[in-house]
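Heads up, there are several structures right after this.
Paired with chain B in one complex and with chain C in the other, chain A is shared by the two complexes that follow.
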Partner chain A sequence: MTALLEVRNLSKQFTSAGGPFRKARAMHAVNDVSFDLPKGRVIGVVGESGCGKSTLARLILRLIEPSAGTLRFDGQDLRAKSPGEMRRLRARMQMVFQDPYSAIDPRYTIARAVLEPFKVQGQKPTQLPAEEVAALLSMVGLSPGLASSYPHQLSGGQKQRVGIARALALRPSLLVLDEPTASLDVSVQAQIISLLQQLRDELGLTFLFISHDLRLVRYFCDEILVMYLGRVVEALPDTDAAARHPYTATLRESTFAVDPKQRRVITPLEGEVPSPFDLPPGCAFADRCRHARAICRTDTPALVAHDGHAVACHNPL
Partner chain B sequence: MTSTTGVASRAMAGFGKSALGRAFGSWLGKIAGGFLILLLLMAIFAPWITPFDYAAQDLMNGNTPPAWPHLLGTDRFGRDVLSRVIYGARTSLSVSATAIAISVSVGMTLGAAAGYFGGLFERVVMTVVDLTWSFPDILIALIFVAIIGPGLTSTMFAIAIAYLAQFTRLTRAQIVQLKRETFIEATINLGARPSHILLRHLLPNAIAPVIVVGMLAIGDGIVLEATLGFFGLGAQPPTPSWGAMMSSGTAQLFLSPWVIIFPGVVVAVTVVAVNLFGDELIRALDIRDRIRGA
Partner chain C sequence: MTMLEVRDLEVAFGPIAPLSGVSFSLSKGETLGIVGESGSGKSLAAMSVLGLLPLSGGRITAGSIIFDGQELAGLPEPAYRKLRGGRIGLITQNPMTSLDPLQKIGPQVDAVAVLHLGMTSAQARARTVDILGTLRIPEPALICNRYPHQMSGGMKQRIVIAMALAADPDLLVADEPTTALDVTVQAQIIRLLDDLVKERDLALVLITHDMSVVAQTCDKVVVMYAGRVVERGTVTAIFDAPQHPYTQALIGCIPGAAGADEHLTSIPGTVPTVLNYPKGCPFHTRCAHMQPICTTDVPAFVSHNDSAAACHFAGDMK
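Up next is the complex of A and B:
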C-alpha cells in the first residue's frame, strides 16, 4: 500500500514578537509529527483542545506554513511547490471545516458556493452548471431545490453538507475533516458521520479525521493518533488496540458507557495542560501522569514503534 | 465570528432594493428620504423650474423682501434668491457627492489593500492616512487653495482628503475581520487567487457599511463646501453656492436677512435629512456595530 500522504518531522512554532519590555516567546503548536496516511485509509487525530490538532490539519494543507519537516502528497514534495502549483494541487486535497455557520460566504447562494471550486480552478463542470449543482447536492443528501437559497436559510447540518459538497466538487483524493461534527447537534452528527462513511465507500476517499471525541474516532477511523501538546504520544494501529500511553488510557477511561448499569469510577486527570510556551523538559504529560518517574521529568520520550504500535513513554502500560 | 457572519447574512442583500425599501419604511425615513429626493430633482431640473435666471441682475430691485414674483426675495444685486438656492443645490450636491465618491474609491482601495496584505505596507498606508486626520478640514482646504487657487476643484479635493481616513480605516477594519472568517480559509483551500478572495469575497462583504458612511459624509461634505464658499475659497461668483450666498448676505444681515436665512435653512435641513436617512439605512441594513469607531 502506498502512502497518499507522508508527514515527516512536521513542526510549527509561533513566535510572539519581543519588545523592549518583554522577551520574544516561541510556542510549539506542532512538534515533530510524523505519520503515513495510506490510500483509502482513515486516520483519526484525537486530543484535548489546544493540543495542535487543527494546526496540524492546516499545516498539512499548507494553509499555515510549517516551520520544519517534509510533506509528501502522492509522491510530490508539497513544501517545494510554488504558489501556483500549490493552488492547482489544492483541487486534490480538500478540507471540511469545524464551523459550518461561517464556512460559506453569506452573500453566495448555495449553487454559487458549490460551483465556486470549478470557477476558482478554471475547470468546467462535466455537466451543465445547474445539473452539476443538483448532482452535488443530492450526493450529500440535500434537495436540489436548495440551490437558490442563501446560507442563513439553512440549518447547521445542511450547511455542513454544503461544505462537504464544496469540498468534493473537484473529486479530491484526500479529505481533511477538522471536527466536522463538533458544532452540530448529536442527531445531526450521526447523519453527517454516516454520510461521510457512505461517501468514503463510494468515492474511495482517504480521510484525516480530527476530533476530540474518542468514541467517534473509534467508530469512524482505521488508525488513531493521540496528540498531547503538539506531539503525537501514541499511534494506535487499529481502534481496538490496548492503550499503552497513560494519557490515551485516561482518555479512554473518561468516555462513558452507553449502559447506565455499567457504572465505573472515573479518575479524572489532575492538574492542567502546561502552557505551550516554554515547555518544561521531559515528557509534557509527566505532571499529570500517575506513573511518572524521575526520568519523565528530564528526558523527552521518543515515539518508538513496536509491532506497528508506537508510543512515546518511558513507562508504557 | 459567528456574529459577524450573522450580521453579514442579515445585510446579505447588501445594498439591495430591500434595504432601501426598509429605510423608507418609517415615517422619519419617508420624510428625510422624500426631502432628499426632492432636492435631487430640484438640482437636476434646475433650469426648468427656476423662475428667474440665477445670474440676472436687477439693481433697481435689490434687497426686496420675499413677495411675488420673488418668492424668497432678492439679494443686493436684485438676483432671485429662490433661483439661486435651487441652483446652489446643484453645486453643493454635485461637489460633495463627487468628492465623497473619490474619497470612497480611494479609501476602499487603500483600506482593502492594507487590511489584506498587512505588514509594513499596512503600517505605512495607515500612518499616512491617519496623518490627514491631524489637520483640520479647513487647513487642508487652504493648502489646496494655495496650490491650485480657490474654486470648486480645491473644495472637492479638500472634502475628498478630509474624509479619506474614515473610509480607509472602516474598510481596513472590515477586511481584517472578514479575513478571519472560515469561508475565506475555505476558499483559499479551494485554490483561489488573492484577487478572487479580495474581489469576490472580502470587498462585497465589506461594502455596505462603507457606502452608508459615505452617504452620511455627503452631508458633512455639504457643510464643508458651504464653509469654504462662505470664506470665498469655494465656488466663485457668479456660480451660486449656499455658502457663498450666506457670505454675501452678511453685509446686509439686518437690512435683508432673507438673503442669508434661506440658504442657511436649506443647508441645515439637508444635513439633518442626510443624517436621518443614513440612520434609517444603518438600521435597515443592521450594520450599526460594524460602523462604530469609524
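Up next is the complex of A and C:
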C-alpha cells in the first residue's frame, strides 16, 4: 500500500518580533513530525490547544510555509512546487475548517460559495454543467433549493455541510478536516460525522482528521497521532491499542465514560500545557509526568516504532 | 433538606415565552445536571434562579422558585443583590470574560467577602488566600498580585470558583464551567467541584451540554429541549433506561456511548429557535416515533422507576 501523503521531519518555527520591552522569541509550533497517510485511511490527530495540530493541517496544504522537512503527495514533492503548481494540486487536497461561520463569505450565496473552488482553478461557472451546484448540495444532504440562500439563513450544521460541499467540489482525494464539528451541538455533530463516513465510502476519500475529542477520534479514525507541544508523542496503529505514552494515558483517563456506573475517581494531571516559547531540554511532558526520571529532563526522547506502534518516551508504559 | 425547588417556571420576553413548565428540585450535598443543546433554555433557567432576567428584559410570568424556604420569584432587586454572590454563587462559562482585566486577582476576590460578610479588607485578604489554597492554587499570596492575563485558562476558572465560594454559599450555579477548557484541565475542575460539594455540603446546579460530564458528576438530571423539561430523574435511571426519545438520542449521539462499534444516532434537523417552537410535544418535528397526538397535545410526565418523561409514548419504546 503506497502512501497518498508522506510527511517527513516537518517543522514550523514561528518567531515573535522583539520590541522595546521584550526580546524576540522563537517557538516550534510543529517539531519534527513524520507519518504516512495511506490511500483510503483516516488518521486522527489529537491534542490539547496549542499542541500544533491546526498548524500541522495548514502546513500539509502549504497554506503556511514549513520551516523544514519534506511533504510528498501522491509521489510529488510539494515543497518543490511553485505557487501556481501548488494551487492546481490543491484541487486534489482540500480542507474543511473548524468554524463554518467564518469560513464562508457572508455576502456570497451558497451557490457562489460552492462554485468558488472552480473559479480559483480558472474555470468560469458558466462552463460548468447547470446541475453542478444541485449535485454538490445533494451530495452533502442539503436541499438544492438552498442554492440562492445566504449563509446567515443557514444553521451551523447546514453551514458546515456547505463547507464540506465546497471542499468536495473539485473531487479531491485528500480531505484535511480541522475540528469540523467543534462548534456544533452533539446531535448535529453526529449528523456530520455520519455524512463524512458515507462520503468516505462512496468517494474513496482519504482523511486527516484533527480533533481535541479523543472519543470522536476513536470512533471515526483508523490510526491516531497524539501531539504534545508540537511533537508527535505517540502513533497508535489502531484505535484500541493500549496507550504507551503517559500523556496518551492521561488523555484517555480525562475522558469520562457516558455511563454513571463507570464513574471513577479522577486523579487529574497537575498543571497545564506550558508555554511553547523557549522550551526546556528533554521531554516536553516531563514536568507533568508521574513517571519522569532524570533522563527525561535532559534528553528529548525519539519517536521509536515497535510493531507499527511508535512512542516517544524514555520510560513507556 | 431541599435547598432549591423550581415549580412550573415560565419566563417571557415580551410576547415570547422561551421557557415554560420547568420544574426541578435539589437538596444539600446534591448535584443536579441541567442538560440540553444550545437554545434549550438551560442557561435561561439558571438566570431565572439568580434573578438576572430583568437585565435582559425578561420576567417570570408563572411558577415559583423557592430557595431555602424563601420565594425568589418577584423578589425585589436589593434583596436579590444580597443573595447573589452571597448565599447563591455563580460560576460562569468563560473565565476570560468574567474577571476584570484591569484589576489584580486579590482585590477581585476580596470584594465578595467585604460586600457580603462585612469583613475588613485585611480579613478578606486572609480569607482569599485561604480559599485559593483550598482550590489547589500554588502560592496563593503571590497570585493575589497577578492580573488575569498572566494566568492560564484553568487557573482563571479556579479564581472564578474562588469568587463564587468567598461568601460561603449554600447553592452554587455553574453554567458550562468546563466548556472552554482542555480535557486534562476539565478533569481537574470537575474533580474540584465534586470535592467542594462533598466537603461543604453544597447544592450544585451544573449546566452542561456534555452527557459524559453529567454521567461523571451528577446525582439528578433534568433534560431540556426547546424551553421545556422533557425528562428528569436520577442519573442512573436516566442513563440506564432513558424514556424520552430525545434523551435516548442525546446519549446515542456520543461516539462510543453505546459500545465501541455501534453507529451514532443522529437526530435529523436542528434545535428549533424560540420563534418557531413547535406546538404539542416540542420534539415531534425531529422524533422518529411521532404520532398525530404529538403535534397537538403537550405530553404530561409519565413516571418510570426513578425518572419521569414528558412523552405520550414513554415506556412503550425501546
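The criterion applied here is as follows: the second predicted complex is superposed on the first by the 306 of 317 C-alpha atoms of A that agree within 3 Å, B and C clash if a C-alpha of one lies under 4 Å from a C-alpha of the other, contacts with A are read in each partner's own complex, and residues count from 1 in each chain.
To be clear about the criterion, contacts are C-beta pairs under 8 Å (C-beta built on N, C-alpha and C of every residue); 3 or more make two chains touch, one makes a residue touch a chain.
This structure is a prediction, so every number in the text was calculated from the model and none was measured.
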Chain C versus chain B on the shared chain A, clash or fit after superposition: fit
Partner chain(s) touched by A:Ser194 [first = chain B, second = chain C, both, neither]: second
Touching partner for A:Arg107 - first (chain B), second (chain C), both, neither: first
Partner chain(s) touched by A:Asp185 [first = chain B, second = chain C, both, neither]: second
First, second, both or neither for A:Arg166, with chain B first and chain C second: first
Chain B versus chain C as contact partner of A:Arg90, first or second or both or neither: first
First (chain B), second (chain C), both or neither touched by A:Pro151: first
Which superposed partner A:Val45 touches (first chain B, second chain C, both, neither): neither
Most chain A residues touched (candidates chain B, chain C): C
Included angle at chain A between vectors to chain C and chain B, based on C-alpha centres and rounded to the nearest 10 degrees: 80
Chain B versus chain C - smallest C-alpha distance in the overlay, whole Å: 16
Residue ranges of chain A touching chain B (in the complex, touch as defined): 61, 63, 86-91, 94-95, 97-99, 101-107, 116-117, 120-121, 150-152, 163, 166, 170
Complex interface listing, chain A residues touching chain C: 48-49, 155-158, 185-191, 193-194, 212, 214-216, 218-220, 240, 250-251, 253-263, 266-270, 272-273
For the chain B and chain A complex, residues of the former touching the latter: 1-2, 4-6, 8-10, 12, 14, 181-183, 185-193, 196, 201, 204-205
Of chain C, residues touching chain A in the complex: 37-38, 152-155, 182-188, 190-191, 194, 209, 211-213, 215-216, 218, 235-236, 239, 249-257, 260, 263-268, 270-271
